[in-house]
Amino acid sequence: MTNEALQNLINGWIPLLEFTEEGSQFLNISVKPEHFHQLMEQLKSNSETNFDYLFCVTGMDWGKDLGVIYHLESTTHRHIIVVKVKTEDRENPTFDTVSDIWKTAEFHEREVFDFFGIKFNNHPNMERLFLTDEWEGFPLRKDYVDEVNMVIK
Amino acid sequence: MILSINIVENDIFNMLLIAAIYLGIFSVAGLFLVLLERKVAAWFQLRLGPNRVGPWGLLQTMADALKLVSKELTGTIKADKFLYNLAPYFVIISSLMALAVFPFTQEFQAFDINIGIFFLIAISSIGVIGILLGGWASNNKFALIGAMRSGVQTISYELSVGLSLVTMVLLTGTLQLSEIIEVQKSGWLIVQGHIPAIIAFMIYMIAGTAETNRAPFDMVEAESELGAGFHTEYSGMKFAYFFLAEFINMFIIAAIGTTVFFGGWLSPFGITESIPWLGIFWFLGKTFALVFLMMWFRWTFPRLRVDQLLTLEWKYLLPLNLLNIVLMALIVWLGLTIQI
Amino acid sequence: MERFIFYILAVILIVSAIASVSSKKMLRSVIYLLFTLCGIAGIYFLIDYNFLAAIQLTVYAGGIIVLIIFSVVLIHHIEMELEVAKLSKKIIVGLACAIGLGVFLTTIYSHQFNVVENYNSVTTEQIGLKLLSYEDGGFILPFEVISVLLLAAMIGAIVIAKGKKMEDGRPKSEVLNEDK
Amino acid sequence: MDTNIANSNLKSEDYFINMGPQHPATHGVLRLLLTIDGEIIKKVEPDLGYIHRSIEKMSERDSYQQIVHLTDRMDYLSSHINNEAVCLTVENALEIEVPERVKVIRTIIGELTRIASHCLWWGVMGMDVGALTTYFYGFRDREMINDIFEETCGARLTMNYNIPGGLMFDIHPNFVKRTKEFVAHFKTKIPEYDKLLTGNVIFQKRMKGVGILSKEDAISFGASGPVARGSGYSCDVRKYYPYSALDKVTFNEALKTDGDSLARYEVRIQEMWESLSIIEQLIDNIPEGDYKVATKAVIKLPKGEFYQKVETARGELGVFINSTGTKNPYRLKFRSPGFSNLSLLNHIAVGGKIGDLVASMATLDLVIPDIDR
């Protein structure tokens, strides 16, 4: 399915979606956190989109916002879409988990939590994955400072 | 030099001498087998193997033994020290005791007991206690799992070893090792007993390999699963005891096979009958051929899984073995044996 | 010489028997028991009862001790120690043991033992014939009775090992519990 | 005594085992927390991060040329393909068209890397199921490939042969000859692999029906590479999103539908044949031309987001770059195949024996630095 067709199809499902193709080879959708889980569920279950393969989950720190970028692919239609969700709450950023939709998300979301401190509601095991439990801070955030170990030019 | 030590006199000096000679045989055979294993492994794996220490690497295992002797002994803090230290001796003493009853030649036999084969089976059942103890007393979970596996494995495969030997005892009518060889002067037992004897030999080799905890039945060590299994926490000389015992056990299994199936020190067709001391070369030659077979298994086969191991024993080997005994009994009863 | 070996074996037997009942760690008791059994096997060897000695080693040392070790290892942790009995119990047991020993020793010393002349070792063949003979002094009946007993034990073991019967993929007991 | 209390006393406790971080079967510093019941696995919980070097954070500080060097250290067995992934992303973003010669050489070396990686996997796979000899057979053939690499780019493992815009140097004059020798040699060796291991009854029994992964689960767990293709999920990036010279060659995607360990094993053996076929198609007609195009000393990517997939020996490697137009990426994310493949280990191991866990973990072909990045 082409990007326009996808945009037209998805546009009606959820309010307040933003579509863009600027600066990216895929169709990007920005969604509000409260509608996020609903959108993802529909993207997977709708037979025309059928995004059953979540292949990349990227935590992002845009300076002001924290968010997560999901790269989705459909193994039947072979189209790709990018879903972005962001929040301005840097103290306690929380999104809904999608590990109930794609099992791989369980590990990827733990990685995002580990490095960005973004929590996921209803996640079965929301603990640090790579770093030790007593680690302070979230290293991949732009404002993370570690005077001893970090070399920044 | 021919050692006529068949008649044990009530002389302490004599006993000590025999004990010393056997200890010598034991350690030399152990070290040589380790070297042989490494050479065979290298041959199978397109490598050179040890070739630095001594001519053709002959002294390599000596160097390794020296290294092991001089190593620090370590252990876990909460280990049951008494049992932990005791375990290697169980393993090594049981294999040393078994060595005593073999007739290396007609004369060279320390202890010609009238229940030779039964004695060997009895002794080999004690070695497993050492492994169980070592695994438990190390206070290591991997070691414990290895020990439990070993217990299960040895108890199961002892049956097959015993029954396949019983099959051959039907032919000989005696348990005494020297007499078993006497019987074979009219044809090695594997010839005399033809088909059932060959089946019994195959079962014996499979079960014997399992009994010594060697690949493909090395569940006990299973280095990709359990690290080093029951001897994970052993180091230095105590580890060397386990290591040496494994090789001596392999030698013992092969020696029993030689004695029972291939005529012990008898030469083929009696070609060296006139020179009795040549018997030791025949005995060792046959034994090392069987040892080589076991090494061949080890360096070719993948390891079985623990449940497959038990399935093999209880569902295939044991029923086959029982059938084989009936078959052999029939053959002996009807006089269908082949005599040369 | 034989006397010398006998005393060594006797010392091993007595010391390990005492250690077996007095050790606080369960697995150690089992090992002392193993020493006792091995010592008995040694005495059998000494008096040329080779078959009996080998049986002693296979069945008791190799079989039963391994099973005991197995069960101990499965339930017993390395740090666990047995409880010490109360003093009153200790005294009662000690008295009972002393009485037993006394009876035993008086019996032995009041009997006149004769040294066997023309002793010859029993072969396996003789034992086998005796076991399967149905004439006078034959052991065929006890032999068969014991094999039936062993069969019963084996079936029992299989029934226990098989565990609960499954009904619709669940253990039967669970289904029964729901009905109550 | 109350019967309930008696029952609760008889209840067995969970038995925990730490497999790793130093353990022969985890192939690196991976720690698995196993919950077992006797020999049967009840739960597998991976504990990661023992060799995490934060390559993603380091990338935010480095120039694009420098980032290429970091990727060698991720999946060190597919180092060339990792390099290629970053280079392709940068080239696509800058809209540079690299010469045909570069594309062909990249593809040939990529496939050689894949064969080398599978050789190593085959060796250690055999070791994991207890056949120790396979290790030396696998390494014997891998050594030939490493020699070719050494001659061409000076390194055997972390090659660094790719740079944004082409290759570091031209190929060695012997490259074509030696690669052809290797192909001829290796064609006689894969049947040997089958003889030694694949056909063995014990091996078949160890692998068949062990660690079953259905197609749906494979997709849901984000599996890729041979792991997913063993479950019948056709996902070869080389087929669906061909890069470099892969659109000029014909090859079959190795697919098996059983989903067990044996299927994953057979897929990899099949892939070695396919890689040989790709090399054969390209090796005789490497086009003449430059081995690189000139790029600026300081590469600045345009503002935007760029994503590139490549197929490493372990599966789909994705490089996601978010650029703000400076000389460093604002955010760089590697979607590593091993990380997703590891996430399904618990799923396929539960209910099996410890031996099954080791066998099915070997067929996942994990490289820990790839997971720990």
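Couple of notes before you dig in:
For clarity, chains are labelled A, B, C and D in written order, and residue numbers in each chain start from 1.
Assume contacts are C-beta pairs under 8 Å (C-beta built on N, C-alpha and C of every residue); 3 or more make two chains touch, one makes a residue touch a chain.
The UniProt protein names, listed by chain, are A = NADH dehydrogenase subunit C; B = NADH-quinone oxidoreductase subunit H; C = NADH-quinone oxidoreductase subunit J; D = NADH-quinone oxidoreductase subunit D.
In this text the structure is predicted, and so the values were computed from the model without any measurement.
Averaging Cα coordinates per chain places subunit A and subunit B 62 Å apart.
In this assembly, the C-alpha centroid of subunit A lies 25 Å from the C-alpha centroid of subunit D.
A straight line joining the Cα centres of subunit B and subunit C is 27 Å long. Per-chain CA centroids place subunit A at a distance of 68 Å from subunit C.
A linear topology is adopted by the chain contact network, the touching chains following one after another without closure. Pairs of chains meeting the touch criterion: A-D, B-C, B-D. Against subunit D, the residues of subunit B that register as touching in their complex are 41, 44-47, 141-142, 145, 215-216, 218, 222-227, 298-308. Those residues of subunit A whose C-beta lies close enough to touch subunit D in the complex are 22-26, 28, 52-56, 58, 60-61, 69, 71, 75, 78, 82, 102-104, 106-108, 111, 115, 129-132, 139-140, 151-153. The residues of subunit C lying in touch with subunit B in their complex are 1-2, 25, 27-28, 31, 34, 38, 50-51, 54-55, 57-58, 61-63, 65-66, 69-70, 73-74, 78-79, 121, 123-125.
Within the complex, the subunit B residues that touch subunit C are 10, 12, 78-80, 82-83, 86, 113-115, 118-119, 121-123, 125-126, 128-129, 132-133, 135-137, 139, 144, 147-148, 151, 155, 158, 173, 175. Remark: subunit D residues 48-49, 52, 54, 56-57, 61, 217, 219-222, 224, 233, 235, 240, 302-307, 316, 318, 320, 322, 331, 333, 335, 339-340, 342-344, 347, 372 touch subunit A in the complex.
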